[in-house]
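Note that subunit A is present in both complexes that follow, paired respectively with subunit B and with subunit C.
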Partner chain A sequence: MDRVRVTTQRLFPFGTIFLILILLATLPLYVQPYLVILLTTILMYVIITVSWTIFSGPTRYISLASAAFFGVGVYTSALLGKAFPLPVVIVAGSLFSFILALCIGLLTLRLRGMYFIIFTFSITELMRHFLLWWETTMTGTVGRWVVIVDHTVVYYVMLVIFVLVLLAAHLIRHSRFGLALRSIGEQEEAATHIGINATLVKTITFAISAFFMGATGAIMATKWKYIDPKIAFDPLLSFMPVLMAIFGGTGQLFGPVFGAAVFAYLEEVLTTKFPYYYMLLFGSILIVVILFLPHGMVGLVQNLRKRGVKRQNANP
Partner chain B sequence: MRILEGKNVTKHFGGLAAVHQVDFNIHQGEVVGLIGPNGAGKTTLFNLISGSLPTTGGEITYKGKRITGLKPHQICKRGVARTFQSAKLFSGMTVFENALAASLFGTKRVISVPDAEKEAAELLEFVELSTVREMLAKDLPIADRKRLEVARALATKPDLLMFDEVMAGLNPTEIAQAMELITEIRKKGITIFMIEHVMKAIMNVCDRIIVLHHGSKIAEGTPGEIATSRTVIEVYLGE
Partner chain C sequence: MFSTILDVVIGGLIMGGIYALIAVGLGLQYGVGRVLNVSHGEFIMIGAFATWSLYTLLGISPLLSLVICGPVLFMIGFLIHRTLFQYLRDQSESIGAFADSSLLASFGLLFIIQNVALLIWKADIRGYSYLDSSISIFDAIFAVNRLVALLFAVVISSVFYIFLTRTRLGKAIRAAAEDPVTAQVMGVNIHRVLAICFGLGALMAGFAGPLISMIYEIQPTMGLEYTIIAIIVVVLGGLGSITGSLIGGFILGLIGSIVTYFDAGLSLVAYYVIFILLLLIRPTGILGK
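Take a look at the complex of A and B:
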């Protein structure tokens, strides 16, 4: 196991990360707007996938509430966008998601396995239908216009959230908190018997993960210009982070980053190049990955490296 | 001094009285055995003490304070640790991480990571698992898994340690080693309450034995008294 850790560190030394960040930060200066917009979407998926992994990776509680938290951010942006400056709107979107997640967490984190998955999924549906009802009966509107923000600003905000979510994921992973999360994922009952307050740890982590999803929703809404409950709470966005994380491999921090980036890019290429066969191709690729790369793409890279070093114990 | 006391402790699962009005005391520094046929309610009693299950009735006090109704993590922090009948390790984590997590979270006061690491390493040394500390817990043979459970429980710095069949599945040599380990733990001043089916071990290491049958306490006494008790021989030990 130690060797695995060393290998990943060598794969991504601090300098490389720094260079990649500088490259991403200066990108809008010398590339076409199309690429900046594409990268914004990719970053959005990466952020949501990494935030999803912060909670669901170590605890193995598969959450399908991502779309709900993202949607809260989107709606906050639509409601507050005209009255408040952008940073306030984004922070508000994050906090509302955070609070929603705290409430959901306290209510539902007693559920496990399939029950938890179904409950989290229904949260998104509940939010969507509630807002739809609210908008049609109370306010008499169905959709809302969102204050438009320049696409480079959207990109930079997304980049900042991306850096923050990576930092948060890294810090949690390497802290005592991360160890508690892993213990809960491995054996929850034993974890509580060595003094871990599982409910508290799970709820806080769930809320932290929702915080970043809310922020992403708040900024992404400005790019969409027009939103309604169906757009804001799109259930597909609950499944995407799960698929992307599996695609990349949840064992390492960079797994979900890669998974989401490649996945989102692939989606873009396939939809533009093969608009009629895109779903078919997409599905096939996903099946191949799940069948042959149980630890995702990062797992593949590690296996190749390991094979080069020495044949080791077969355990991942 | 009584470290653990139960009064009328009761647990009903629907119509089944798994534990029925059981009174018990454990004194500071004692090793107390809990025996009885399968389904007698031994593990249920442990679950009630450690907070895994809520009681239906009765009261459990630890060091004079009521612990019934507390959550397992709170009871652990007060100084009660336990192992599980089928080792519940963090299988995908290393041996060292298993002990480290317990060191970090097991006590009321907050401990620094380096201190916890030092403690975890010392405990692995104590249970003789230092050589395999970087192995994944799931790759350990059964005897070592049991040792790791003991180390993990010890890492929470308990004053009372409950073993749930820590010797099940071990061979005679390993049982002898486990008995030695229990004696060593006792020397540290830790009170021990243990469920065990290995009679040789129970008779040798315990000061006192409590016998459960169909959820009720049917006998209590020194190993000598229990071994010759008519009732115990009839329901459990056999002729």
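Take a look at the complex of A and C:
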């Protein structure tokens, strides 16, 4: 029982989260625009990583389709941005991603492990290459211009999505639904035997996680101004959330948030200071994290804590 | 008409021979060692660029580079498995967990190798001409280097197939693929065999790289495309089936050649469509159990 309490103990109490949110909400009033733009990018990675973890964390199905859902949002923004107001565009982007994820989820019922990983990756690449072919041969232009939105608006939209994704992740984690997801991750056959409709649970969760990625893509497109299939469906955006979540640790809600924030900041610094070595460093960090931090930074902190507790018990 | 068909078919066989070669290597790494090595294409790229450098700087024949690149990449692959993947395998709770973590680790390798190559060779597209005189077969004209590449791909795959089925080490490898624990009980040094398998996969990449550089343009970011083709071929042929990979390679090469004849921009799209349909309809592949 004690051990359970140690692992589920929150690293941050509710009050602290509230304070951080207020700080984030008032930030554009007293900092430089550069910082707001940086924070927008960091929030983007955090949202994608948290929504990736909603599905892939408990079920242990590693999805490499994040870029596909993000890209659908980006293209919704590019196609509908001129005709509709921003909120409609964002909701449309999320819904299209949601529907795409439902379709992929229903199709991939039989696939597990490696097959699922490769399948999700192929879907993303298929969409990218098809779109590239379509745009060059059918419409004649590779890229598209997106309606520009003020960067503070982008920031606030991002913040709202961030709060929503955290809420969704928290609610799913602490509901019977989340329990069902975890039991699927532990052993799918057993979960099915105790009456969990594994297919339904997996598909819906997959779609929920895609919903937020679509929303992020839709708002991010307005910040980029110009998009093409290579930018919208960048495969790196499929790998980043996996790495960030593993780096932070998927055992806690705080893990992916922390992992993504640290990584996104690092990316920003590394790409400006060492543009040629950035991906090299990225690869090295990836390997080091997998070798030495299988449970992420949060897992490391917990291990140290547990050790501390044991030591206290040993020397009364 | 006839010459067009011959052109498409021979073109498909040439692509297919190279696909078969790289797929056999990847299939061995995944089928025996459970490492889905997404950096496989980077080993091919290293082979291709080493050949290009040796030919343009020192004038060493690409066919000679074949003999240099293969063994060197074998050693690199062997050492990478001995250090990185063996450690991961020992740490993992289950073979499934190892498959996931090794996949992520090989993504790390991909980024490292690709960016080291970008630093050394820059992002330019490279190429050289070697044996580019042409001969005509029934009115269809072929460059000699393509036919030589096809010949070498077929010879290397055949020798490799015989090695796996006839030699003692080949049998140990196949035993480890069937059941690693029992193989160990029967006296197979599993760590060594797995590292050799990974090395052999890199060896195949080291053979494919020089052949590819002889007939296609190369650039440091070309690796992932070949990795994906290798994965598609391995799934097409059936995981763990060497014969399946060889047949699958030629099938995909022919399909690619036919699609390219109509619209070159759609060949990758066609591969992905085939692959996705395959995963949905028959994930065990044509020769899978």
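The working rule: the second predicted complex is superposed on the first by the 297 of 316 C-alpha atoms of A that agree within 3 Å, B and C clash if a C-alpha of one lies under 4 Å from a C-alpha of the other, contacts with A are read in each partner's own complex, and residues count from 1 in each chain.
By definition in this document, a residue touches a chain if its C-beta (ideal position, glycine included) is under 8 Å from a C-beta of that chain, and two chains touch if they have at least 3 such contacts.
Note that the structure is a prediction, hence the values are computed from the model and not measured.
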* Does the superposition put A:Leu243 against subunit B (first), subunit C (second), both, or neither? -> second
* Asked: For A:Val269, is the partner it touches subunit B (first), subunit C (second), both, or none of the two (neither)?
  -> neither
* Asked: If you stack the two complexes on chain A, which partner ends up touching A:Gly113: first (subunit B), second (subunit C), both, or neither?
  -> second
* To do: Identify the partner contact of A:Met279: answer first if only subunit B is touched, second if only subunit C is, both if each is, neither if none is.
  => second
* Asked: So, A:Ala198: does it touch subunit B (first), subunit C (second), both, or neither?
  -> first
* To do: Of the two partners subunit B and subunit C, indicate the one touching more residues belonging to subunit A.
  => C
* To do: Kindly classify A:Phe130 by the partners it touches after superposition: subunit B alone (first), subunit C alone (second), both, or neither?
  => second
* Asked: Between subunit B (first) and subunit C (second), which, if any, makes contact with A:Leu35: first, second, both or neither?
  -> neither
* To do: Determine, under the contact definition given at the top, whether A:Val142 touches first (subunit B), second (subunit C), both, or neither.
  => neither
* **Residues of subunit A at both interfaces, subunit B in one complex, subunit C in the other** => none
* Asked: Which residues, counting only subunit C, touch subunit A once they are in their complex?
  -> 30, 36, 84, 87-88, 91, 96, 99-101, 103-105, 107-112, 114-116, 118-119, 228, 231, 235, 263, 265-266, 268-269, 272-273, 275-276, 279-280, 283
* How about subunit A: which of its residues touch subunit B in the complex? -> 1-2, 176, 179-180, 182-183, 185-187, 189-198, 313, 315
* **Contact footprint of subunit A on subunit B as seen in their complex** => 50, 52, 71-73, 76-77, 81-82, 84, 88-94, 97, 100-102, 104-107, 113, 116, 134, 136, 138-139, 152-153, 155-156
* Flag every residue of subunit A that touches subunit C in the complex, lowest number first. => 60, 62, 107, 110-111, 113-115, 117-119, 122-123, 125-126, 129-130, 132-133, 136-137, 239, 242-243, 246, 276-277, 279-280, 282-287, 290-291, 294
